[in-house]
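Here come two complexes built around chain A, the first alongside chain B, the second alongside chain C.
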Partner chain A sequence: MSKTKDSLKINDVSKDTEKLASVDPEDLMPLPGEFEEGPWGEIPAETREKYACILDDTCILPIPLPKTKAEEDDLVRKFLSGMEKLFSKENNWTFEPMLETSMEHCAKCNTCAEACHLYEASGRHDMYRPLYRSEIFRRIYKKYIKKESLSDWRNGPIDLNWRTVARLGELAYRCNICRRCAQTCPIGVDNALIAREIRKIFSQEMGIATPELHDKGSMLQLKVGSSTSMNGLVAKDNVQFIDEEFSEETGYEFSTPWDVEGADILLIHNAGEILAWPENIAAFSIIFQAAGLSYTLSSDLAAYDSINYGVFYDDVQFARTAILQAQAAKKLGVKKIILGECGHAHKALTVIADRVLPPGLQIPRESYLPTLRDIVLKDKIKLDPTRNNFPVTLHDPCNLTRLMGIIKPQRDIIKKICPQFREMHPHGPFNYCCGGGSGYAIMSRNTIPEWRAKISGRKKLEQICNAFSECRGPEEKYVAAPCSNCKGQLRDMFERYGLLEKEGLKYGGLVELVVNAMVDVKPGFISWEEE
Partner chain B sequence: MATVEYEGNTFNVDEDGFIDSFDGWTKEWVQYVKLQEGIDELNEEHWMVINVLQDYYKKNGIAPMVRILSKLTKFKLKHIYELFPSGPGKGACKMAGLPKPTGCV
Partner chain C sequence: MSIFVYLTIYASLIIFFVTVMYKITDYLKKPLHVRWELYPVAHEGKKTSYGGGYLEETDWWDKPRPKSRLGELKVMIPEILFLKAVWENNRKLWYASFPFHFGLYLCTMFMALLGFASIGMLLGLSKGSLILSVVFAITNLCGPAGFILSIAGAAGLFYKRLTDPTLKDYSTFEHFFNLGLFIVTMTFALLTWLLVDPNFNVSRQFATNLISFNLVPIGSSLLSIQMVLIAILLAYIPLTHMSHFFMKYFLYHDIRWGDAPNIDSPSTNAKIGIVLNYPVTWAAPHIAGHGKSTWAEVATFNPTADAEEKKE
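Moving on, here comes the complex of A and B:
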């Protein structure tokens, strides 16, 4: 029998049970209004036979199920070998110092738990308490890597077997890596980093990663140029098509520049926008052209797709991708790289890439937001805010706000052009993740959609409902979510609960709101009509 | 890799139920997905969408943007949903044997 939410112990993780625990849908955090919630559903038999699906009702990380005692031991041995590398500077010069801090100073005060939306949404299930995962990891570290004497007695005992390792790997994928826990910790322990570094052991040492992030993610980007499978020519073709279509629809003639040597700015979009949200690409091109910016896109390998999934699970894949993007900028001779509306790309290329790029490739890299703020606030384009006279709220992507501290520019913009703007609570640096963070937004295997709706996206959905509490119902409303991953998560949540019809809820980027208010563009750039 | 058996044919499919390789596509696959989609009878319009998707895929190695599919078939998105209830990706592309879209889409 699986454990209930109040009876879970650390060493239950090692026990020979079918699964560690299960969240009863009845226990989920209630949402404001009527939201039908069904059962978890079944993980397909083929998946169960092949992979270690022994944590809960979902299977995200495909860890091959060991068939023999030797294979079981191998899983543990490789994990420990990878863990050892995490704690040596030569092998982990990217994150070792922060990880060490998180190992040594946790006071087990559990302040982090109340900050975690997964813990809260699950009805406070111990399995999703940030400390549950971190404590298992910490005990293994102290006993087997640091080899502290009397570790069981000093730090608490840990039964290390293949189930411990498999469940810990899966638990590393029960975290959005939003770092709300790290923000609230009085000591600075970063449970999200611990989750991410566990993912790294699995990928770099054991060759186990999720297909969406690895085979069909970072590998495709390095080989074809984009995780979407678009090579440079196809991407250019598609954007040219977007130029033509939207020039006609908006009555504003524009074209997106490619591979312009000596341009001031290299703009890198998340290439998923081209395929799924072409209006976002069009909006950037219209605004940048109208403001007279000298900018270009690049059709070089990986340089027309700002994604860098390595940031979620693998430093090597991370470095390979960041270097390609910086090299493309250097080749064009631009003054700086500007990132479009993609949160994890901000984290990857503007923050973590500092640790990876060699001196010759340290080209200035920044968010699009300060530039957009200048355009809007200095009246470089003519705007009519009455065109945006509908209720608007703003979702803060974690990587822009909590990680980078970009809080005010998007608010200066939105307050100027949206008369009915209202904040979610909490917001800015204290925001909640959309629920798609760290890769979930692009996953739909087995019961992952249930996980994303029932647990990871639940808090955001509550926040959105509450932001519009005085205008619930089919009245047209807009959630500005300036990040591709966040938009993917919102789309799937809104579809699942029929919120476009029931609540008039539309989501989209911030640049779309700007273009919707542009006097030189035909009214109706944003539309609630289904095409 | 999971497999699907349909009228004596075996197809390798991924965890999302998409055929694992376009080379494995046959007309029987279409009949199989048709049942899944709850479509009674395939008409010329269904086949037009399937053919356009396959031609584009062979040329570009990826499914077309929805807007390009609309332009090439002259069907509005709403009509594509009428033809394929699961939509252009999970319905039409799946039936045409294209791989599941990847990346942040």
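Moving on, here comes the complex of A and C:
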């Protein structure tokens, strides 16, 4: 029998039950309007036979189901071995100080819970308390790694068996790592970081990671250059095709420069845009060309795809990717790297890589937003805001806002070109995650899409509906989401609930709005026609 | 008995300061970590008001990045004094947590004033002097208010941890022991004030004796018990999660607000050189088994490269 929303105890995690918990669709946070939610779908039998799907109604981390006692013990042993390394300065110099302080100073006051969109969306299910996962991890650490005397009395008891490990691994994937919880902690404890560090044990020690982030993500990027499977040549070809198509469509002749040595700027897009949202690539190229910027794209390994999925689960993969991207910039001799509309890529290369890149590879890195703000506000391109005279709201990607403090440039731009702009509430550094954060936007196995809609994306959907509360219905509306990952999440949610038809809701980037307002471009760059 | 009380206090002060210094130096000795800041960052000047930072600027590395210490104080003072984050995010808990913490601040001030007056008198200040009269008056306010508030707050937290379903499962024996220790200690302090020492003259004399190593008999068993309990509390606090009272500085200034970029800084580069040469022993196949042993080697190795490339 799985636990309901307010009957789950910490030590239930170790119990021999088919699954730990289940969120009753009836308990989900209500949405403004009619959004029908059916029962959870079934995880396919072959998945259940192969992997330890014992947490809830979803199975994200493919932990091989142990078949023998020896395999069960091995899972626990490897986990503890990884945990020990996580608290060593050599193996985890990157995050150990932050992790250890979060282990030692939590007052267990649960203030973090109300800040968590997953907790709220689930109808306040105990499993989604940020502290639930952290407390299991903390008790294991104190008892088995730190070996504190009287640990059960001091920190609370924990029964460590293979189920505890498997469920903890899966629990690490019930968090968007948006760090809203950390923002509200009076002490500064970071439960989102703990989720990320648990993911690291599984990836870096046990060799267990989600296929989307690892095999088809960071490993593919290291192998062919991009998680999209495109190598440099294919990416160039596709972008050339985009140039031709959109030159014709917009009436604005442009071409995207590649591998230009000595250019001022190396622009790195999320390569997923090339395939899923080519208008975003085109918009950047049109704007940069119109503004007369000296820039280039690079076809070097990993340098035409800004993604760095290591940020979500693996420090080694993170470092490898960041170094490849910096090496490409160095080779071209650019003055700086500018990151396109991809939130986690911003955070990865601009902030986290700051203390990873060795001297010689520390090419300055910045967001595209300040440059775009300068172009728009200094009238470097001619804009007609009346072309954007439809209701527009702005989604704040967590990585850009809460984690990098880039708040105002996008607002300066959007307020200048969108007469009907309105904010979501809360916004800026206090925003809510789209629900696709930390990798889920590219995951569609078993019931993951359902989870993304029912739980992780629910709060954002509520915010979007509320932002347009006075113009609900099929009237055309636009959600500007300047992040590839966030767009992926919005795309899937909008499709699931038929929001283009019912609510006239279209999502897209910020650069598309700029090009839509460009006088030199044919009207109608943004269209509500179904693709 | 009195000697035991004095020695207990001395021992607890030593344990307190050694533990605090150990924890601080242990943190400071840690190697360079990556940046993991969280906005709003309090020292970003005008940008802090909306949660922005220097990364909003083009070519930010060429521009000045003034750090507003005033901005940090504007956040830290209401946070420390009034537990602003708890007020905003967990109001029900604040009603117990605030009196507890504020009561402890008053108790700390009370002890500091006892010490100040004792040193003053040892240096020849008269009890009737203006400065000591003011100090005595503030002491008389801080003490009882601190005892009462901390008892009420600790009792409130004890009750909440016992009954609130959101706290119950996360509360361990240690939580109750800690709160119980505060309640007992502060109750003895309150009783001493009520029954033995209404103007804190006995306490002040004890403090004077303590400072001057004049280990004369204490004269009040209630005060003796109070002092032993305070000694235990003082030595115990930094050994527990309550060490957040000083470690919070690093959680805020070094982690949450640690946004200092590396613009070819020789000292940061030297630290990067050290950490990149640390050994890596992670066991997953994409890390181990390629003959790479340091972070620098592992991070510049591509595990997907073909056999020929691997040989290179």
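FYI, the second predicted complex is superposed on the first by the 530 of 531 C-alpha atoms of A that agree within 3 Å, B and C clash if a C-alpha of one lies under 4 Å from a C-alpha of the other, contacts with A are read in each partner's own complex, and residues count from 1 in each chain.
Here is the rule we use: a contact is a pair of C-beta atoms (placed from the backbone, for glycine too) under 8 Å apart; a residue touches a chain by one contact, two chains touch by 3 or more.
Treat the numbers as computed from the prediction; the structure is a model and nothing was measured.
Enquirer: Between chain B (first) and chain C (second), which does A:Pro364 come into contact with in this model arrangement: first, second, both, or neither?
Expert: second
Enquirer: Which chain, chain B or chain C, ends up touching more residues of chain A in the combined arrangement?
Expert: Comparing chain B with chain C, the partner touching more chain A residues is C.
Enquirer: If you stack the two complexes on chain A, which partner ends up touching A:Asn270: first (chain B), second (chain C), both, or neither?
Expert: In the superposed model, A:Asn270 contacts chain B only, not chain C.
Enquirer: Thinking of the overlay built on chain A, is A:Pro523 touched by chain B (first), by chain C (second), by both, or by neither?
Expert: In the superposition, A:Pro523 touches no partner, neither chain B nor chain C.
Enquirer: Is A:Gly41 contacted by the first partner chain B, the second partner chain C, both or neither?
Expert: In the superposition, A:Gly41 contacts neither chain B nor chain C.
Enquirer: In the superposed arrangement, which partner chain does A:Pro474 touch: chain B (first), chain C (second), both, or neither?
Expert: Neither partner.
Enquirer: Does chain B (first) or chain C (second) touch A:Thr350, or do both, or does neither?
Expert: Once the two structures are laid over each other on A, A:Thr350 reaches chain C alone.
Enquirer: After lining up the shared chain so the two structures overlap, which partner does A:Ile187 touch, if you call chain B first and chain C second: first, second, both or neither?
Expert: Second partner only.
Enquirer: Just checking: does A:Asn446 make contact with chain B only, chain C only, both, or neither of them? Give me first, second, both or neither.
Expert: Touch status of A:Asn446: first partner only.
Enquirer: If you lay the two complexes on top of each other, which residues of chain A touch chain B in one and chain C in the other?
Expert: Residues common to the chain A contacts of chain C and of chain B are 220, listed in rising order.
Enquirer: Which residues of chain B touch chain A in the complex?
Expert: Where chain B meets chain A, its residues are 2, 15-16, 60-62, 65, 67-68, 70, 76-78, 101-105.
Enquirer: So in the complex, the part of chain A that touches chain B is made up of which residues?
Expert: 44, 46-47, 212, 216-217, 220, 224, 226-231, 234, 237-238, 241-242, 245, 270-276, 278, 305, 307, 342, 441-442, 444-446, 484-485, 488, 530-531
Enquirer: Quick check: in the complex, which residue numbers of chain A touch chain C?
Expert: Residues of chain A touching chain C: 6, 9-10, 78, 81-82, 85, 89-91, 93-98, 101, 104-111, 113-115, 129, 131, 135, 153-156, 179, 182-190, 193, 203-207, 214, 219-220, 222-223, 316-317, 319-320, 323, 336, 350-352, 354-359, 362, 364, 366-367, 369-371, 374, 401-409, 428-430.
Enquirer: In the complex of these two chains, what residues of chain C are touching chain A?
Expert: 27, 30-41, 44, 47, 50-61, 79, 83, 85-86, 88-90, 93, 97, 165-167, 169-175, 241, 243-244, 247-248, 250-252, 254-256, 259, 261-264, 268-269, 271-273, 275-276, 278-287, 295-296, 298-304
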